[in-house]
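The following blocks contain the structures, represented as structure tokens.
Below, chain A partners chain B and then partners chain C, in two separate complexes.
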Partner chain A sequence: MSAPQAGTPSYIGRRMPRAEDTRLLTGRGVFVDDIALPGMLHVAFARSPIARGRIRSIDTSAARELPGVHAVLTARDLARFNIDLISFFLVSPSIRIPPLAEDRVLYVGDPVAMIIAQDRYLAEDAAGLVTVDYEEEDPVVTIADARRGSLVHAGSESNVAAASGAEEPDEDLEALLTSAPCLVRHTIRHQRIAQSPMETRGVVVAAHGESELTVYISCQSPQMAARYLSMAFGIPQTGIRVISKDVGGSFGLKVQPWREEIAVVAAGRLLARPLKWIEDRHENLSASNLAREQEIALRIAFDEAGSILGSHVDYDLNNGAYPHGPDSNLAAMMFFWAAHRMPAFGFRARGWYTNTPGLGAYRGPWAIESLARETALDIAARRLGIDPIELRRRNLITKADQPLTTPLGIRLEDITPAECLDLLLQKVDVPAFRAEQAAARAEGRYLGLGITTYIEPTAGSAGISVLSTDVAQLRIEPTGKVSAVLSTHSQGHGTQTTMAQVIAERLGVAFEDVTVYEDDSSRGGFGAGASGSRQAVAGGGASIKAADLLVDKVRRIAAHLLGADPAHVRIQSGRIHVDGAGEKTCSLRELAEIAYGEPERLPAGMEAGLEAQYRYRPPPVTFTSAAHACIVEVDPDTGFVKIRRWVCSEDCGVMINPAVVEGQIAGGVAQAIGTVLLEEAGFDARGNPIAVTYKDYLLPAISDVPDFEYVHASTPSQAEGGFRGVGEGGCIIGPPTLVNAIADALSPFGELAPLELPLTPARILEVIEKRPLSGASPASSPQAGQPSPPSVPHSPPPPVEKPTGTRPTIDGLWKMVLATPMGLQQFTARLAANADLLTGTLQSEMGSQDFTGTIEGNALRWDLKVSKPMPLTLKYDVRIEGDRLTGKVKMGLFGTAKLTGERVPE
Partner chain B sequence: MKPAPFDYVAPDTIEDACKHLTEAGGGATVLAGGQTLMPLLALRLSQPFILVDINRIAALKGVSRTDGGTRVGPMTRQNEIIANSTLAAALPLLVTATRHVGHWQTRNRGTIGGSIALGEPAAELPATAIALGARVEARSARGTREIAAADLYIGPYSTALQPDELITAIRFPEWPAGTLPLFREVAQRPGDFALVGLTGAVTVEDGRISRAGIAWFGMGPTPVRASQLEKALLGQRVAGLDVQALAELAIAETAPFDDHHATAEYRRTVGRRIFARTVSEQLQPRNAT
Partner chain C sequence: MSQHNIQVTVNGRLHTATVEGRLTLSDFLRVEAGYTGVHIGCEHGVCGACTVIVDGQAVRSCLMLAVQADGSSITTVEGLTAPDGTLHPVQQALRDEHALQCGFCTPGVVMTLAALTSGASKPAARTLLDALSGHVCRCTGYQGIRRAAIKLAGEPGAKK
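Up next, the complex of A and B:
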């Protein structure tokens, strides 16, 4: 039952025009700002003009008195909701994240008060009348500030939001690196990026009584938005109807409702009036969560032949004040060398709190790994005198090397970066280019070629509980038409087209007869929507499985009605045929009418109707591979870069719609061009954003983006349908491809090192002329190989009580919660004390495990070995206070997680 | 678009417009093409008490030849300037410079007078008006006066125009046949304000430079006239120009600044080069190697 219906036009693999485009391009899209509800009021926010300070007082009286203003709310007014703003991983972070600032403001743009008025004009007028008395403090703006500055979040131990990897250098690795024949160091400072969707954030809320809401919101998944709102407010998810028909881009920003959206929903409940807030562009560029801002110091050791011997990465990431999830970007480290033969790898990765807008996701959140690796490999190639393509070939894992499991526990079965590179080189004549490059140099013109490879984990379904499964609910309606309710969602992805292609092909009906619905959380089941390049794989797989269930039922009914063998029944273009019996035929509509209206004619015991649902969990991870090439010309007089050619060779498995695939790649590469050449969401020393309009935040325009060329390898994946995700790749592989092309053009002058993005004309001219022209502050760059100064703890660690005669009662059953980056893990442990020796048994979903440890006063320590998600030793360090316990668990590469617990009365 | 409250008038005549400006006592802002003002209103960075919309005043539109030059109405749209055959013949530099103003869509609304009155230091038209020796006619209820474009700009977005004055004409002097335009703009994307911009006109008679008007944009707090360069060029043989030495003189009066797009030193460096490149291409095409 896995083959598509024979004889039906094949839709999978066809460049079908997108079904949604006519509507969108003729102004018939429905975005949040198109929604108007009777009695709706409008929201504006009064925001902090300073990056850091204490709120002495807020005077809202003048704002309240303005005619047309209905309410002015501050954090105090929302306190009754006891809102729990959770991270993307559904974990309550250790810091408090209030929807509106409470006693302190932590970044410029921090919402302090919300004004609800007759219209947005009045609301903005009143926002200007809110007077806040601040006690201003020096802000922590950069990563360097975070290392030495005062605490962003009072009460935390340091400004480290999240950490992973080894805090101390590994002696063996250090010895290997320092004694290697060739050690390449590379440092990068990646600027802050604004996701900058064409449609900003926005929400319209209508509360119905205490426990029901209708919420229109610009998001990445109505299902996920409903889930977060449900958790934030403690209302059953079924009571929350989230509608999000059309969304004008998101790129990670709208992955979950955040402070302003949550505040608007809370106010809508408080006032019992429909409310609307549409973020304006100034708010979007200055106060929305942002992305990237990373510093990385990479070392790679090679032998004389260019084989990699080992590598170390020191990595820091600006988390801002309120990140969507405290993050040290472990994924970047996991995938850094996953596609390469890498004998020894170590890293230290840390995320830092600062007084800037929080870290949000951005297409390929772990993309720094490809940027750092691929740019460093080109530097190494120049140093070693080996062709950069040859250097990659010597180190890439090929099809012949697989299956294998990387040292960090990633199972590789079918990655194809080396094969994509071969395909790429069929399109790009490198020797011809090198000849052209040499001739141009003789004329004083500087051409450069960048070639890169990468692998991208897509549709991950393990480890992150919100990204496990997706659902397809299919119905052949009594009319014979097919409706599909999916947990996919489009912010421009074209899923209403691609999913209909899959369903139409599998069912054997016309594409035009399939309608996909994914805009209303009340229609379908839970699912992740657009996140992690998952929709083709997860949504496509669910659609195939559900369609196959329906086909099976149609065959059995048709066989019963027509007197045929089910194996001989097929559906073709919406009609039922029986092989070898041309007279035995009926339309799908006739069959559906019977299935719904005359169930007595169905096979005995069969459920009426033609409906099927399948919740699909894709393989743990499905890899997409690619190799890109870019050719540029750099003007040595001005430092300007002209992109002359860009070729993309990618393997995203079976393509549902090549036009959509290429659109995804092109969009990502366009963003990459912006990242490398133009965009920077910077801050001055006081934490003021300096690019708050499109006059200063420079996005790539059509004039800056070339026509891309594509080659597709199309190796079927292990997932249902053979699909692989392709949503983020262009944004991941694009930056190093362009940087490498520029660096190749500049190679007669010197290296782009340290690499600071964006590569403004001034930075490029600086390399050509070997003199300061860009004004880049050297203090902001990390030094290669030099470990950063350790963070200074600002509050002492919890004291270890001296052993006394009366230590707390340890013996008994304890319930514990561990806040891991992937989510909360709950378990119980039975502890028993015997002098200074601790014994215990830990009981979780994974089973039960015994351990022994030590007791010192109220401090308990024990180690626990686990095998999933990879072999790890978990080091528990716990303090008992009466019937409660707190502590932390060191989880090897995964960093440290907070542990809380309480005694279970027996 | 959610500006702070303001009053709005749309007079039909220059006299009425001037009356409103006088009555507002400095609280009025003139709305021409709105390509800068509208975003400023939306951001509430501009909060006028009254907006005087001059789009209905027919007398402010159009291009005409006058004794000794060309008169351009301030409400002439930038795309109209690009399409105007009189200007193409008389002031090719103005047409070239206007092509670099914003984008095709913004030039449908944007006006020459609006750009000149705003005084954005990195904009093309104020500097081009200086280079071409334009004079700006300013009218108020108190009377009419002319201001040389070179005297108009006193700081970023700051002009010698009084709050009650309205630009009613931009008068360009005649430039003889044989005048060559010099124009080059370095901007990160087409349509952006310049990192560095050069605009000028040079008249060559019998192989010698008889007249020169040259100015910079994006090279200081105002558009900057290269007056030392202009003097030095007069009488020089085109064939024997020492372009490198002149490039140094060309930037002598500029005062560029650092911002997050480029540094002052970058602007000076590239300014010299685009001067040399442009002069070589335009004035010495046969000498170019």
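Up next, the complex of A and C:
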């Protein structure tokens, strides 16, 4: 890689004012609701008032008759599109997810009919006139309900949406845990969270004929939205132009278009009129996909010195009715102990369908691992009588321990949580705090300190096909100014600024001369935009590589024109200079005019123009590390928590713009404060949402969030530019930091266990006054030390046909598709039957592998050992019907995936 | 539905319109008058994104009907910038302090600060911070907003 242009002001690392801010501060941003098209009509949804039931009939006549109403549509009207609502990983779900409810409603807010009217006021009037006759049923609301209740999705085998880990306890691990000198148990109930971007979801669609669409949508990536719509509607992606200029936050909510947006696009095609739907806040809080709602029971065994001997996690996650993707949160388990020396770890994780809004992503979807681990470590420290900082030091993996591969197959080369902790402690004088705490306690005031560490996988590019690459297309225009079309996308991330900083520095031009475009799927190429803290790493890397290609071309052209050695050509502030030959100079504009307009003056054979594109794949994963400290005072009379100090020691590699980095951390930590103290999107026993306005769903205000202090470790990563992702970290490390501070303050009264979020004043007073104040714990809360309820067997294989004389033809070549949670994997297998013995050869991108198995009637079973992403035995269980096969593959810790296949004619 | 004729001055221009009684001021300003810098975050008076200045007072335009604004003079965020594009001191302070990310809450924050700092004497930092506690920002954790408010206050060094 070529070095940044010497002599150009350095932009990487500077707190540049943001390019986005002027338009946003003056009211000239363009959000989806700011779009108005000629003839545009407005959509409102009639939604289910019950959590579960059968639709007997829908009467839309009164709604239709209201003047100003153009159409009232139900699922039947959209049936012709046969829409496939796939997951973010572009995998078809095993359940049916219709855009509008068909014969059943599955949660309060389930859209049943859509009204299309002249304005939104009329559309809402008409929505109130739609009458639906329901046959109401008892809903499955909590995880406990899901375990024992009736099936949320008729025809599925159980309410388990996804499972990973070991179904049965591992005897060796159980023996280790029960015989350890110290076994700490900790249980947590994490509430449901509403992502709450200040701009709700919204879409404007204009259909042009049968196979072209323009869609304005509030999203995390116009490219991703276009690809998704293309797959949902079977229209070529090039025919779909998705525009998303300014987005008012997302935090995971808008990661993919979902039922309402898809229904609006379908209706726009059906009616051939531009349509607009803007979600209102009531819809957003009650019927959008929400996040979290988890129960976790953690056990950690220690020796007397505080070294961890082993651990087990039992984990459940409410998936709601229609999750963005069925999820048992495998990532949470993979990274639970990734930064610690952990000799023995086991887990069982399950996602459950319920009659509540579906599970969506929220900043740091796997954050539960840090919450559970870090709060349990503090409980252990108190139990063992070891300082919590010391306990962490004894167990954290340090720089000196690396490189190493964790037992779950994660390669660590440069994580720095222990080093971040050291830096943190230079800022936080713990002995002085302990003295202050003791003095305060003597006065009846309760101060607490929480200190935590974590690592975060950012910009993962392996195993998830939609996240593997990003693209930068750079052009030095004939004017000498630079335009960059990137697959990044900002919902507040400021990538129009940070990417311009990277490009300006690498090219040697002024920051102001670089304009970044990322708002229109029809210019530029695919990339998933903002997901998984990836934009600095993936977008920044692509920008560097593309800029370097351009620099190389400029040097060769300049050397040719000016009669110099390319190695001596420099671009500095938009001018070309030749080292040691001051008179040989020209502007980038002059050079660009020649490159476009007089290609005959270019070196022989060189392509005209000054354009470059690079599609960059970052390293498989880039880790960010951090240690945070928080100091609180808890008022023992009111239960109120005052946060007095918060220090963030973060290692996100080379920082492009420290103000943007700190903004990302601060936003995440503020959300963490909301999670711990305020927010809860709860449901009553009938599945009615109980927080449907911002008067009930409490968001942190300026008075709830302290000033944050920062220390940056800045260890360059292996990625191009040395960047690491930083978008989600504050929201991951923040909750345990604050909980630990509160628990430390309350330690004279007892433990905060089981931990139930949010820690409202009533819950805190329960600890102080040792009496229940906040009402009974939900029945679903797992209690420490109690055995989990019996597991629902997930995915029992379909019954084996009795062996008959006519066994299907097995021999031959089969094409198979395995729907893993991270995407579809395709391969072929050649099968041969010999009595009850099966032999075969599987051929995939990874190479070919032989196997043997068994045959029983039409059922085939075989095992296959793989080494990537980690050593695993895949257990195939397949049924053949004629020229088709279906079945399941058990993938060890990764759960079970559906297999389909067909015979390849030979 | 009842129809009403109203006359409103928005950012110095007179608008006459016939509106339904139930039309909110926020929808009037966005849809009829075209000032889309007025943002709607909740429509129930909590988030503050829709704040505009009505006859000198910061007002939540989602909680006011357009007919109630008849005869008044309204400033939206579009009306603060000088004709040559120079930012209003409030806008400039927010920009300098990296006080926004997505920018959706920003117009409301700008208008509250502009209303409170428009007088001859600057209010105390405490006054500004108290007023800002009625604005929700989901992105920034309020760090830059607080720094900007303190800068704009009468006693710049004031402790929060």
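Details
Note that in this section the second predicted complex is superposed on the first by the 893 of 906 C-alpha atoms of A that agree within 3 Å, B and C clash if a C-alpha of one lies under 4 Å from a C-alpha of the other, contacts with A are read in each partner's own complex, and residues count from 1 in each chain.
In this text, contacts are C-beta pairs under 8 Å (C-beta built on N, C-alpha and C of every residue); 3 or more make two chains touch, one makes a residue touch a chain.
Computed from a predicted structure; not experimentally measured.
Of the two partner chains placed by the overlay, only chain C lies in contact with A:18; chain B stays clear of it.
Judged by the touch definition given at the top, the superposed model places A:322 against neither chain B nor chain C. With both structures placed on the common chain, the touch criterion links A:246 to chain C but leaves chain B unconnected.
Look at A:121: by the touch rule set out above, it reaches both chain B and chain C. Looking at the shared chain after the overlay, A:81 reaches neither chain B nor chain C.
Applying the stated contact rule after C-alpha superposition, one finds that A:353 touches neither chain B nor chain C. Legend: residue contacts after superposition of the two complexes on their common chain; A:701 is shown touching both chain B and chain C.
Ranking chain B and chain C by residues of chain A touched puts C first. Shared-chain residue A:197: touches chain C; no touch with chain B.
Shared-chain residue A:682: touches chain B; no touch with chain C.
Common to the chain B and chain C interfaces on chain A are residues 121, 280, 693, 695, 700-701, 703. Taken together, the chain A residues at the contact with chain B in this complex read 120-121, 124-125, 128, 280, 282, 637-640, 677-678, 680, 682, 690-691, 693, 695-696, 698, 700-701, 703-704, 760-762, 765, 769, 772-775. Looking at the complex, you find that chain B touches chain A at residues 2-5, 39, 42-44, 186, 188-193, 195, 258, 260-263, 265-266, 269-270, 273-274, 277. Across the complex, chain A is touched by residues 20, 22-23, 30-31, 35-44, 46-47, 49, 76-78, 80-81, 87, 91, 94-96, 98, 100-107, 110, 129, 132-146, 160 of chain C.
Taken in their complex, chain A has these residues touching chain C: 15, 17-18, 20-31, 33-34, 36, 121, 196-200, 246-249, 251, 280-281, 490-494, 659-660, 662-663, 666-671, 693-695, 699-703, 705, 707-708, 730.
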